[in-house]
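There are two complexes below, and they share subunit A, which is joined by subunit B in the first and by subunit C in the second.
Right after this comes the complex of A and B.
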């Protein structure tokens, strides 16, 4: 069912939802940017609709609300292990269509790829999703080409139109709440983009042979291996483990898992001091082919959702979407080498 | 030809080596201006100068080859530039009323540069409004970060931007980017404790490299602005030397007060018999001792709790007069 709400009325709805849920949305962190006097838009708790940043893409995706950057799995002493109490309150996540498509990827990785991850399962089941409609794409977006520009897996949707919030609420539990606050009821369908400036075409006949291409070489000198592309990505899910011992009592401590990046140093280090991928070109190849090839071979669908955050965040202006578009060239190069 | 050279110097003209010719100096506080003023400067140079313009060491313009009798007309043409750059002017239409306190220079600052910790031009303009016009020989320069591209330690007052970094522990991914940047590019103020960086506040110079290099925004900048204030660097014939640290983690208001207090101190102690009535502040401090200067400088100054006063201050440098 669809509803039109004033900002004040939607604030009331938020107040009601806040009793049971934390609300997470892209919001402004004034002067939170890396450069002085610049702001940062990322996910954080909000309490009113005005706090949601609509005109800018969040630098980081919503994944940190589901997969904490740093998560303590258990505490240990000499003779016992204790799991931390899970957050009891649920969370409502405000996100765009591409980001909601990322949930399918995360679910595949954490729930369907071998045994279920209990920490993920617990948190996942407590999340509700609000779709932020997209009237215009941002310049780096390529959701249409990745097939993620439309979605229906939301609890309600949000579009700002004609001085009112237009809401489509398929979640029957919340329909009464909206009805109470709406100025009118009407069919609403969330807006979505049908064209993007950035276009991407991943070739269907892509194979692991492109490993041999020379295109990866270029990134040896261009990429600085900082990992920003991974950390901002809604579908990068790698983590590493840390066992740490408290400094005041070296016999007690905790194990936590922490986000990791396949582009940064240390990711492919192995016992004995080796490292599988030393150069940034090798790491770029690994990342691009994991996104565009490996994941699809295992799951049957593309991993990348085309949000374009990696392109926005790269301090060296390396474009992932541009690299994807170079794959046909790489295939051609490798094939012609073999023909010789 | 009868020219009052003392008056023309105060009017920001210069006695040049060419008999009958002067040069006009245009101050640009913070070294940044709207491009439209360039064509006005061009017009003056082509109408009354020799058609050339010099970019001065202090980020101003100097128009050479002007006949002394044209000074009033040049002043007339300078008026829109003086107005546009918001230069204090006690008498309208007569050009600049002073030249002792030099143009306030600044690096490009955080309007453009990723390293800069503040808007250097804005702060330079604030200082300009407070100190100009004044005949005392003061040189003030601002730079955005400890890289000191503006070489502020060569000035009486050097203002260097500092960032107070803060870490949101829960966002840290232990990638080591901050630690590596601090070690390789800065002062190695970060060490790893239980996978996370720990900052040595004594060592940290506030360059902001940790923030700039953090890929997850775990490090961010304290929104308060902080500065390193250095004192009495100078070039010259007797004893050129670099400015020394006076206050670390100072705030903008305190720096304003210290500069203005220094004007009072100099008025009180300057050697009136010095050639041209000009004596660099540093030489005055050499005479009175640093403690006396400090007493004047810090009058009614309330620094933030983080601030650190360096005392006593000793200067090094090359002495040609031993």
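Right after this comes the complex of A and C.
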């Protein structure tokens, strides 16, 4: 069901939702950017519609609301282990279509690959999603080519049109709330982009043979292995266990999981000093093929959602989308080497 | 919260067996089902967790052979003797003993690589009628690095055991790499041969090549891989190779599948 609401009316709706949920949306952190006098747009708690940043892409994705950067799994003392209490309050996440598609990827890892992750399951069940419509793509977006430009998995959608918020609300529990505050009821379909400036074509005949290509070596000198691409990615899910002990009582502490990056040192280290991927080129290949091939082999759908954040975040201006577009060239190279 | 796979349980240390200066086997109380080649995540508080292969399965016990890798584990070794340790698992597929029944089985292991296959060796050494023939080729760096000495002498009464050291063997031990003993392996029917290879990457690579030169097909070889595994349940991502999670799909792989895994 669709509704038109003024900003004041939507604020009232937010106020009502805030009783049960924290609201997370891309918002402005003035002077919070990496360089002096620059602002940062990232996810944070909001209380009113004006706080939502619509004209810019958030630097980080929403995934930290579901998978905290550092999460305590349990506390331990000498003989006992205690699980922390989980946050009871739910959360409403405001995100774009590509980011909502990322949820399916996160679910695949945390709910379907091996046993269910209890921390993820608990949090996931408390989340609701609000789709922010996209009228125009940002320059690095390539959602259309990844098939993630449209979605229907939202609780309600949000578009600013004319002087009103246009809302489509399939969630029947919230329809009455919108009806109460709406200026009018009408069919609304959230806006979505149908073409992007950045284009990507992943070859259908891509296989693991492409590992042998020499294109990966080029990244040895360009990539510095900082892992920014992983941390801004809405579909990167890797973590490392970390034990923390209290300085006042060395016998008590906690175990956490913290985000890990397959591009950074240490990710593939095994006991005794061995490491599976030492060069940045190998790590780039490992990451790119996970996003464009390996994940799909296992799940049946592509991992990358085309949000383009990795391209925005790279300090070395390495473009992931450009790398994907080089795959046909890499396949050709490998095939011709084998034919010789 | 629902059943939480990350929370370890306390297990009593029944016995600590000191093989070498840096490698001890902890015999732990464990009542559940477990297969050779599976692993447990062992919590060493302050240090974290480490995936450790089950090196032996007893009546209500499992053996975990742990190598001291630094200052912290050094302290931990002493502190836990006679105490308890936090474990979770078992994880991974483990060896399927049926794959080797009725076969002429050769196990090639290097260093701590003996741990995951010790249970396989133990089983068949105690059930020789289940197998055509049993050979083990085990290599260690030097005589002081040899693990499971008692087992080797026990196994050698029933199976063919070739124990070799890289150097310093003196008059007591053979010297040389495990690969030196593969060309001379005798099989009555090559088509009925099976081999398991576990050890450091280079040792595995050359052993597999030697087995293939000896006439074994890829489909007759099994391997067990060591990778960084933080969670053991397919979430943390560290052990992923292509579309395979070593902790879920492995660590034991038929070589025909394992050879396609490129880190």
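Miscellaneous remarks
Criterion: the second predicted complex is superposed on the first by the 340 of 340 C-alpha atoms of A that agree within 3 Å, B and C clash if a C-alpha of one lies under 4 Å from a C-alpha of the other, contacts with A are read in each partner's own complex, and residues count from 1 in each chain.
Here, a contact is a pair of C-beta atoms (placed from the backbone, for glycine too) under 8 Å apart; a residue touches a chain by one contact, two chains touch by 3 or more.
As the structure is a computational prediction, the values presented were derived from the model and not from experiment.
Once the two complexes are laid over each other on the shared chain, residue contacts for A:331 go to neither subunit B nor subunit C. Once the two complexes are overlaid on the shared chain, A:294 sits against subunit C while remaining clear of subunit B. After overlaying the two complexes on the shared chain, residue contacts for A:242 are found with subunit B and with subunit C alike.
In the superposed model, A:37 lies in contact with subunit B only, and not with subunit C.
When the shared chain is aligned, subunit C comes close enough to touch A:211, but subunit B does not. Look at A:127: by the touch rule set out above, it reaches neither subunit B nor subunit C. By the touch criterion defined above, A:260 lies against subunit B and subunit C together after alignment on the C-alpha atoms of chain A. Touched residues of subunit A, counted separately for subunit B and subunit C, are more numerous for C. By the document's definition of touching, of the two partners only subunit C reaches A:109; subunit B does not. Contacts of subunit A with subunit B, set against its contacts with subunit C after fitting on chain A, overlap at residues 240, 242, 245, 260. Interface residues of subunit B, counted against subunit A in their complex, comprise 110, 114, 116-119, 161, 163, 169-177, 193-195, 208, 211-218, 220-221, 223. Within the complex formed with subunit C, the subunit A residues making contact are 73-74, 76, 79, 81, 83, 86, 109-110, 113-119, 121-122, 208, 211, 237-243, 245, 250, 253, 255, 257, 260, 262, 267-272, 274, 276-277, 282, 286, 289-290, 294-295, 297-298. On the side of subunit C, the complex with subunit A involves touching residues 1-8, 10, 43, 45-50, 67, 69, 84, 86, 201, 226-228, 230-231, 233-238, 240-243, 245, 247-248, 260, 262-263. Remark: subunit A residues 29-32, 34-37, 40, 42, 59-60, 68-70, 226-228, 231, 240, 242, 244-245, 247, 258-261, 264-266 touch subunit B in the complex.
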